[in-house]
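Input: a single structure, listed below in structure tokens.
First chain written, first letter: the chains are A, B, C and D, and each begins at residue 1.
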Amino acid sequence: MSRDAKTPPAGYDVQREHMLDFKVDQQLEQVVETDAKNFILTTVDEVFNWAKLSSIWPVTFGLACCAIEMMATSATRYDIDRFGAGAFRATPRQADLMIVSGTVTGKMAQRLKLIYDQMPEPKWVIAMGSCAIGGGPYFKYGYHVVKGVDQIVPVDVYVPGCPPRPEVLIEGLMRLQDKIRGRKGRFVTPKWVTDYAKKIPYRK
Amino acid sequence: MATGDKNLTGWADQDHVPGIKSELLELNMGPQHPATHGVLRLLLKTDGEIVYQVTPVIGYLHRCAEKIAEGVNYKQWVVYTDRFDYLAPVCCNHAYVTAVEKLLKPEVPERAEHLRIVTAELSRIASHLIALATFGLDMGAWTPLLYCFREREEILNLLERIAGGRMLYNYFVPGGVRYDVPDEQWIKDVLSFITMLETKKIKDYNDLLSYNKIFIERTADVGVIDAETAKAYACTGPVLRGSGVKFDCRRDDPYSVYHKFDFEIPVGMGEMGTVGDCWDRYMVRVREIEQSCRIIRQALDTLPEGPYQAIPLNKMVKVPAGAAYSRTESAKGEIGHYIISDGGQIAFRNKVRSPSFCNLQVVEKVGVGQMVSDLVALVGSLDIVLGEIDR
Amino acid sequence: MEILTAWLQGLPGFGGMSDQGLFITGAALMATLMFTVMALCAIVFTWMERKVAGFIQSRYGPMRTGRWHGWAQAVADMLKILGKEDIIPAEADKGLFVFAPLLVLLGSLLAWAAVPWAPGFSAANLDLGLFYIFAASSMVVMGILMAGWASNNKWALYGAARGAAQMVSYEIPLALATIPVIMHVGSLNTQDIVVAQQGGILNWFVLRDPFLFIAFWMYFIASIAETNRGPFDMPETESELVAGYHTEYTGMRFAFFFLAEYANLFLVSVIAVMVFLGGWWSPIPGLDFAPALTFVIKGVLMVFLNMWVRWTLPRVRVDQLMYLCWKVMIPVTLLCIVGSGVLMITSGALG
Amino acid sequence: MEQKAIYELLAAKLGEGALAWHEDEVEPWAEIAPAAIADACAFLREDRNTDFNQLMCLSGIDWDGYDEAGKGKSVAILGYDELGKPEVSERIADGDLGVAYHLYSHAQRHKFTLRVRVPRAVAEVPSVAHVWPTAAWHEREAWDLVGIRFTGHPDLRRMLLDEAWEGHPLRKDYMMPAKWAGVPMDGRPYADNPFPTPEPPAGGDQPGATGPAEA
């Protein structure tokens, strides 16, 4: 979207508007036409996929700094429970998702593999943070750090950051949902976003 | 270890009922366990619910920070100090830069010292909030966890506005801080947040958790660490103060400009049970939040004008040869850095004495003879962070 | 049951059926109905639990699944669990491992037979109804013990041992707390108990006399312990025993435990409603429009109270739990029985 | 008490064991003979005037390559290169190993620093775990990372690394492993990156075009 050079009115929060602008642009790109298929006519497969993606139970598995952000994601402000992924299970037997939140060390790697093996199919892994993705700041001299958890277990979604903000983890979860769904989800722009976007005076 | 063995004698092979041989149950708690605050592993030997031996096994998060210190320069290593105690990263920064400054001897501006104290105390509050939260969670109370996280988010917002990061800031540099206060509004927001915390939120926590009957039953008289044991095991921070020892590096071994401020040192008084029980340690943290609020208010009220860096950011730091040990009061206790410099840009050796490492050791002694549930309370009340134990 | 058979007799195809045939058909219908209601209430309460927890913790809870406040969340959970891999640990006792969840579910389902939903409408109108409910629901203990033992996991064994001790103990105050009511009614028939509370809120047993009021709260506390929910969730104690007795259970077998937990929760709640809170009678006399609905609404409110307690309080320790049962609750409930009896004699209720 | 006075007290007790007193440094320290360190610590702990009841820190140090004159010549440590492969060097370290003790007294409010230096070949120092219980873990850590053997330690096992780990990482000539117990410790070179840069979507507005191709 282009924008003319008119200066914003006095008292206008340019920064906030800019952030919103980014979000709206992103979201508008994602809007997909509502498919006309009837719910009853959708295949059983799709129903089960829907169930899988809307009820992803992560295993309580915190490793390091990112674990705190994972907790923050499940806590009040971000509340990952909104997406159905809030039921953290302490035992891997009942979990669907392992969020590898932090640095994987040599000593931990075997245990991590064990926990992954204990999880029942279907199961997914999110590598959260740069340590889990590729060793992060511990790459060069980290003699005890595994350079990427994908050398141990298969990873579905990589969430970068050190540590990633909770919003990013939620984004990662939504990308995982897309993956389970097999296509990009239908994204409905919230009404307040469109309303707000319309109110912006110097937007074309 | 030694204490465990003493208690074991006469148990392993004893026949409680003639003809039926009983033995101790070996239990492996962790490294993936909800109550071990990360990747701590406790090897237990239990008789039913009673623990007869507990051996902590650590190192599941050994991230080789001390080796890395010999490979990256002094300014770069601030990043790694953030990741020791990731709940109170600014306090860890503080310990490191004080050690470097001991050798470097720069003229740290007064304004930088004040900003350091403000951010470090905010960080300490955030860490203590997590400590209350996770201790509540260990006791089975979910809701305080989320309330504490709610308030912590406010602190993270404030720190994000001054330091740029949400959780790990890399805010201190040898010789000052990285950024100045963003605007006057920031100071006002900090003060209003602190007032809100002091007047409303701490009362909420006390109503919900601290003075809850069940909570007191679970924590009072449980996991008692007496003053002698705490000193012998070099426990520091809220663990030592919970045992009734009035010692705080901020007052007794002052660094930065803490000597300018007026604050009290809360100690465990055995209000609900014995001095040094889990409830005392918990309550010391609650009261320290109040004292931190006091310090922040004083530091912001007397915030001097002037520069905030003694050394330009893009200038390489070369530390004169020598060795220095410096300790500061982190949220978990006394964090010390022993830096040996050979005059170059990179430290020759950098040893970190982390408070959780020493605090956790006491579990071997105090955990014996407790119930499994009490062991969870004990470990929870020590408020360990595995990032700084394993480093 | 009688209503159902009578209704069946009225249907065109069933007119010429023998009594026995009618009974079997009716029973099958009733069992299906009860099972559906139970599964439904488990699904509704899982969703409700997450929403209530969210409300208490100042967050939202499920919001996306099924658009409106995540109403389909529990449906998705159940469907997903159906599709999960079923794992039986290699070292487990396979027979017991498979049988345990069924026993737990069976225990709570059997007890549903005697619940009086509406005047004359309960699956089995037994003379020993209340006794039967307590007897049937105590089978859950065996299921939990079997599950813990068969898993061949130390945490599961701990959970099972704790659970067995807790549930066996708390059945005593649970049953004792209802005895003053039985003394008042003079019958164990669940229908009779509700009928005896006709005539507005003041005639409900909870407000009849002070001892009954105490007995109600004793029942409430014991019922929380009996359903293994916080602050008495000893068999599961997430922060101590990982997941307790169902640590090793996956997929559908875990869903059975899950289902049984919420079925049990609703069961103890409706028993509280039936025994103390006036069953299907509305608080204001003469306003009894939809008895079954009133009954269910009261039950849901009791479930909400349960959840409120769970998400507020910390957990007690296992020895404190036993202390509370044997040294506090049993004496108090016995006192309630005696006190209530004395009051009955002095007020001349016994004639 | 003045640190110098403490040293003199200590020297009077130990005699030959107290080697030197280095005063003109940022942090003055006493050099003690390795054999005498346990006695020195026990004395400092027990003596009424010194009363060092807290061992703040115990650090194991590898002095190999340290330039005494302070010319600023750091020893380059070995790590993983940009491709994630361990770097190899033929250098054999020969410097001494050392231990530094930082003591503090709660009652007297004073600090003291002791250091010992042992040759690399016989890296053995008497344990002080019986003086301060907290030393037990510190010594285990020093054994684990620097490889100093503490004689008389009740339970000298590896602390942070696994019991089967080879070598002591904080030694200056330590070479990082490429694989340990089946766990890969080296990084993945860029060429092996299994995630090629995604092709730009063909249709442009296809719903699944930017998503993963697993459908």
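One rule holds for everything that comes next: a residue touches a chain if its C-beta (ideal position, glycine included) is under 8 Å from a C-beta of that chain, and two chains touch if they have at least 3 such contacts.
All values reported here derive from a predicted model rather than from experimental measurement.
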Ordered by label, the neighbours common to chain B and chain C are A
When the mean CA coordinate of each chain is compared with the mean CA coordinate of the whole protein, which chain is closest? B
Which chain pair is joined by more contacting C-beta pairs, A-D or B-D? B-D
Which chain maximises the distance between its CA centroid and that of chain D? C
Using mean CA coordinates as chain centres, what's the gap between chain B and chain D in Å? 22
In whole angstrom, the CA-centroid distance of chain C from chain D equals 59
List the centre-to-centre spacing of chain A and chain C in whole Å, with centres computed as mean CA coordinates. 38
Multi-partner residues in chain D (2 or more other chains touched) are 77, 79, 160-162, 169, 174
In chain C, which residues are in touch with two or more of the other chains? 57-59, 238, 242
Which positions in chain A are in touch with at least two other chains? 75-77, 90, 107, 140-145
Taking touching chains as linked, do they make an open path (line), a single closed cycle (ring), a hub with spokes (star), an all-linked set (complete), or other? other
Name the touching chain pairs, would you? A-B, A-C, A-D, B-C, B-D
Provide the residue numbers of chain C that touch chain A in the complex, in ascending order. 50, 54, 57-65, 70, 72-73, 75-80, 83-87, 238, 242-243, 246-251, 254
Interfacial residue positions of chain A with respect to chain C in the complex: 47-48, 50-52, 54-55, 75-77, 79, 81-84, 86-87, 89-91, 93-94, 96, 120-122
Counting only contacts in the complex, chain B reaches chain D at residues 1-2, 58-59, 62, 64, 66-67, 70-71, 102-103, 231-234, 245, 247, 252-253, 318, 320-325, 327, 334, 336, 338, 340, 342-346, 348-349, 351, 353, 357-358, 361, 365, 390-391
Of all residues in chain A, which touch chain B in the complex? 59-65, 67-69, 71-72, 75-77, 90, 92, 102-103, 105, 107-108, 111, 115, 137-138, 140-145, 162-163, 165
Footprint of chain C on chain B - complex, ascending: 25, 27, 33-35, 49, 136-143, 146-147, 150, 208-209, 212, 214-215, 217-218, 371-374, 376
